[in-house]
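Here the structure comes first, spelled out in structure tokens, and everything after it is commentary.
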Amino acid sequence: MEAIILQILNGLDKGSAYALIALGLTLIFGTLGVVNFAHGALFMIGAFCAVTLSRILTLSHTIIDETKTDFLGNPAKVEVPYVHDIFGVATGDAIIDWAVPLSILFAIPVMMAVGFIMERGLIKHFYTRPHADQILVTFGLAIVLQEVIKYFYGANPIPTPAPQAFTGSFDFGAALGFDPNLIIYPYWRIIYFVFAALIIGAVFAFLQFTTFGMVVRAGMADRETVGLLGINIDRRFTIMFGLAAAVAGLAGVMYTPINSPNYHMGMDFLVLSFVVVVVGGMGSLPGAVLAGFLLGILESFASMREVLAILPGLNQIIIYLVAIIILLTRPRGLMGRKGVMEE
Amino acid sequence: MSKSNFTRRGLLKTSAVTGAGLALPTIFTAQSAHAYTNEPTGSTVTLGFNVPQTGPYADEGADELRAYQLAVEHLNGGGDGGMMNTFSSKALQGNGILGKKVEFVTGDTQTKSDAARASAKSMIEKDGAIMITGGSSSGVAVAVQALCQEAGVIFMAGLTHSNDTTGKDRKANGFRHFFNSYMSGAALAPVLAGAYGKDRKAYHLTADYNWGYTTEEAVKASTEAMGWETVAAVKTPLTQTDFSSYIAPVLQSGADTLVLNHYGGNMVNSLTNAVQFGLRDKQVNGKDFQIIVPLYSRLMAKGAGANVKGIFGSTNWHWSLTDEGSKAFVKSFGTKYGFPPSQAAHTTYVQTLLYADACERAGSFAPCAVAEALEDYEFDGLGNGKTLYRGADHQCFKDVLVVKGKENPSSEFDLLEIVEVTPVEQVMYQPDHPQMGGAEASLGTCNNGA
Amino acid sequence: MGILEVKDVGKRFGGLQALSDVNLSVKENSVHAIIGPNGAGKSTLLNCLVGKLIPDTGSVMFDGQSVLGRTPHEINQMGISRVFQTPEIFGELTVMENMMIPCFAKRDGAFSLQAIANMFSEKDVVERAESMLDDMNMADKRHMHAASMSRGDKRRLEIGMCLAQEPRLLLLDEPTAGMARADTNNTIDLLKQISDERDITIAIIEHDMHVVFSLAQRITVLAQGTPLVEDDPENIKGHPKVREAYLGETA
Amino acid sequence: MLGLEKKDFQLLLVVAGLTLLAPFILNPFPESSAMAQFNAGYPDLMQRFVIFGIFAIGFNILFGLTGYLSFGHAAFLGVGSYGAIWMMKLVSLNVIPAIFMGIIVSGIFAVAVGFITLRRSGIYFSILTLAFAQMSYALAYSVLTPITGGETGLQIKSTDRPLLSNLEEGEIGRANLFGMDMRASFELNVGDWLFTFNAGYYIAAIAMLASFYLAIRIFRSPFGMMLRAIKSNQTRMSYTGLNPRPHTLAAFVISGMYAGLAGGLLVAMDTQVGPERMFWTASGEVVLMTILGGVGTLIGPVLGAGAIKYMENILSKINKDVLHQWFAFLPDGLEDFVITIIYPFIGKGWHLTLGIIFMLVVIYLPGGLVEGGQRIARALSRKKTSDEDGPKASTEPAE
């Protein structure tokens, strides 16, 4: 029982990450009709926004400390962050400690800008091109982006911890009346789940309740007609791309304490997020979210050792197996529309 | 434009003399003209440095490459000579190898066995490399080692920790300086028993591939011999990035120790996740919960940040060692590049020196002669103390370092502290040990390629 | 007993009863038109005939055999060809290739491994396709990409492709929709000629009364998923029920 | 000629000429010149050019003709390789049975996978094939280790005693063709040039020419026409009494067998298989090769395969020292500057160059390298007959 509750928690948490990435991918596909293989790279860039901000916050000048020696036996250079000089050591450390949450503020404008530039500079020329061309050009872009990041940040993962206040985990077991320690879950992951839920909710609300959103939804259904109404749908689509980039970026920022970011984390997520989107049904936002959670939960269950004892290797293939079963029973994924990317 | 000193087959340097380009074509089969593959007949000798330059291990590969360049510099008489001054053998003169200037070519393994073999083959076929070295994973090491065996060149393995490299997949033309899973287990177990007691319940998370299997087997065997109990061992996919669903059930199992048989990115992520779950703040069975990482890589451990603090593991070498060899190496590497070398850099540097020294002692580049010079060769002064290159399986036997994540690092390189230097006797095993492929495993015969 | 017998066919989409109690009999070698206002269920009925939809109730018999449960290509191989509202042709292929494909389908069937072997012998097929293009007066366009032709030519090609299979029943779904008057008249002439010269039954769904009354020998009027009347053209013209059904509709 | 039209026959002749003379063509630079770095005429890379050419030709039969984008094609390459190496380990070291085993195993696997995945089309088909390939990869890497060798893959070992061989004790078997070692080479030394004629390469080259010939025949046959018809309009296809699925399945299986042939050849040339061969990036690579070269063209996939393998093997080997030698003639400051500019794009940065080239080709040459070639050819012929202005392709009528 405890094990099952725990894996459901896990599944929700994993699922929220999948859903968040898939949501951005679907926004772009649904509104612009572009298959964006660079979406994983946007997620990665988001994560590196957090890395960059924490680098900025720890920008420092060096002083020579004669009392210590470095690895070669010379007097050690000690780095003193400027924030220490400005705010004093205690406040300065606190600011550095909160680098990841602060990065949210930093990442939103950066990611929007990245999104706008990408859409205006590249993607818009590919609206009418075949999907194969879109895949190739965005895949090329993804490689370029990740190589640029690698050039500046190296290939190794870079630790970006959550603030001290969020370390450790909450004991659901004790709260629910089980023995303590049986169902524990890290605070940061709980925050991630809540954050993802808020973003997902916000995106849906935005599309549902604002005029902007209504126009975009109409555009998703029938682009030409909306264009005929004299509405500049192109500009709205650009903004939509920026939004999708921001969603991917925020997912990346918040993910950094869970897995230390590295330059290829986008590619690691890319295939998975495509599977999620397709299982949900191309172009369906609720489908993407549903599929994200479904696959997250099933993946969690497949990793239980009790399950692996019966079916060794199931954890290796569960996502793909589920994808195959769903696509064979539901031709267009869970909530896909007819005729979207079927030719 | 200067004349390239990147040789193709050294042979050309001499045969190109045939009539300044207008001569009749000379036709011959590759093998018959050489005593062995890529016999260097000019004034230079080419080594092939095959390291991951793209993919997750690119930084490790870059560090290996730095060490190779340093080694070549030292071999050719440049720099301060590094470990050549402390090496017990004095055969190396600083005038290249056997009087021939050392040159090198580099390639990208991409940490994929296909790409690594393609790159190694191009070094052998195109650049005339006489020895291939490098790599940062066992899959690549085994694949390239088999290739070098076929082609008739020497392979000096880089970072490869799986038992298989010198176990069931050992080859007569391949040599490994790096330690292996068995040694990690044998070195760690007594230290762990000392630190955490003999009554522990361990939960293993194991990367689901060969290296993971051998490491789990080795650590299990040696800790169980100390009296520990293995509660469960769960395999995790290589491509896994989020280990939460594997770590969450650990406490429920009643285990009080978590062993992460993961390497590289897997290790960084699983360790980060485990610490995030607050496992180390918990008490189980009246004991503090502990996490163990059998194989540490400092470069990668950096990615886990503060999470490594207080966590035991083993490593091949560490820059904070104070023997003369290590100090000399750290000094010349640190002076040249500005930061201390990694264990991958150390092992590749040492492998290059050992190869060069073996050539000198053998008086030949012929792979079989070099292999013979390396087999059962005892040396000292290259870090890790007295070392034996065992002839039966081409594995180096030397002291193994048990390390712990440092609580108060003084710099970004100062992540690990050496807890114990396990003497070589304790990690010794028979060449036909069951974990090493048993009696079936054989080196085969050495291949000169001719 | 007609060549096509539709009995008590009903089809429901969620809450919408698209067809109910449809009975229809098409006589061999006649031209039978099915008319009705928008949403009357004409297209649904057509889709039930060709295997795209399976009716919930009733039966559809072609030449004494049930078509229900068969796939579109199986039904086609029974001898029913279909012309679409928007011409469905192979746009990226040349006109000649477009014409060769039905000739292959006629000769080799839906698919068999033998057909792959046969496919390297194409002489008879080429000859047949060429004569068919001549019949359609399209021989001069044989190397054109089909997509680059005018709509009227596309329609002509599509009809030609259907005829190349020598079907016994040709189903046409608003063949003149969206066409200019001249093209419409050309199509009418073509269909008349086909009906006169060939051993073929034609069933046509049409909106345009001009087309219907130029061609049809028998007319069924469909309204709200049920046949209203079935009669000869002259009786349909003034029929009160038909007027009622079309009230407010343009004919 | 050979059942081909004149134009196709000429193309075949050109390809045959290029392939057979590759050792010369790919080694244009003298050995001792700095440009020798760009020579690609060594056996391993030449073999890879033709083998991945076969792989891409096969992929193009499926994708170029039917439009079905398989995102898991590397699985067939991998499965074929495993089949071939087991044949060598157990039965015979001769490459012919091994290659046939590779083709058969891949063919059977393709029938099974195709039967399931072809129930869907478009991206749903792509994801289904991707799923099968990823499952193959993941299982081969882990739980199937006893069969696949897992991470370390399979090689021929000294303990392998194939039935039809007379190896000495402890001897490691080598791939051969009726006794001829795949690695045997003749070297032709002309002045400062060295040309290598490798047995393995010519076997692979002949296989490639045969595959290319068969591909032309398929493209030009009515079967090829059917496949193009499927891409063009599946609805019309069904309503013309043709069942698209078995046609597509046949194309899928043929394409899978091409991949199996490539996989078998890889093993024949280099007796080793690892599971990464089936990873999704490998499947992606063949898609990129085909699109880069030109989808649906005959020669495009071969060009694309060559371009990508060239970059992977040549660009990645250029390091800073090589750059310093090239630009040693420049004044020091300028030399450093030039190297700083170039360095990110070569050696460990070769992925960056690859990405940029993908983007440039897609943006400016939607038809791939073939279109680039055509444009050049057109530009040249326009110079000759500048007045000939061909009729513009008629615009599509509004629907």
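Order of writing sets the labels: A, B, C and D. Residues in every chain begin at 1.
In the analysis below, a contact is a pair of C-beta atoms (placed from the backbone, for glycine too) under 8 Å apart; a residue touches a chain by one contact, two chains touch by 3 or more.
Predicted model only: the values in this text are computed from it and were never measured.
Comparing chain pairs A-D and B-D, the larger number of C-beta contacts belongs to B-D. Distances from each chain's CA mean to the overall CA mean are smallest for chain D. Centroids built from CA atoms put chain B at 35 Å from chain A. Separating the centre of chain B from that of chain D, both taken as means of CA atoms, is a distance of 33 Å.
Distance between chain C and chain D, defined via averaged C-alpha coordinates, is recorded as 46 Å. Shared contact sites, meaning residues of chain A that touch two or more other chains, fall at 312-313, 316.
Chain D has residues 138, 141-143, 351 in contact with two or more other chains. Checking each pair of chains for touch leaves A-B, A-D, B-D, C-D. Chain C meets chain D in the complex at residues 50, 71-73, 76-77, 81-82, 84, 86, 88-93, 97, 100-102, 104-106, 109-111, 116, 119-120, 122, 125, 147-151, 161, 165.
Within the complex formed with chain C, the chain D residues making contact are 217, 221-223, 225-226, 228-229, 231-233, 235-243, 246-247, 250, 393-397, 399. Within the complex, the chain B residues that touch chain D are 1-6, 8-9, 12-13, 15-16, 18-23, 25-31, 53-54, 58, 61-62, 105-108, 112-115, 117-119, 121-122, 125-126, 137-139, 142-143, 146-147, 149-151, 162, 164, 169, 208-211, 213, 235, 237-239, 440, 442, 444-445. Note for the complex: chain A touches chain B at residues 2-3, 6-7, 9-11, 13-14, 17, 68, 70-72, 76, 150, 154-162, 167-169, 181-182, 184-186, 188-189, 257-260, 262, 264-265, 268, 299-300, 303-305, 308, 312-313, 315-316.
Looking at the complex, you find that chain A touches chain D at residues 35, 122, 125, 129, 131-133, 135-137, 139-144, 146-148, 151, 267, 271, 274-275, 278-279, 282, 312-313, 316-317, 320-321, 323-324, 327-328, 331-333, 341-343.
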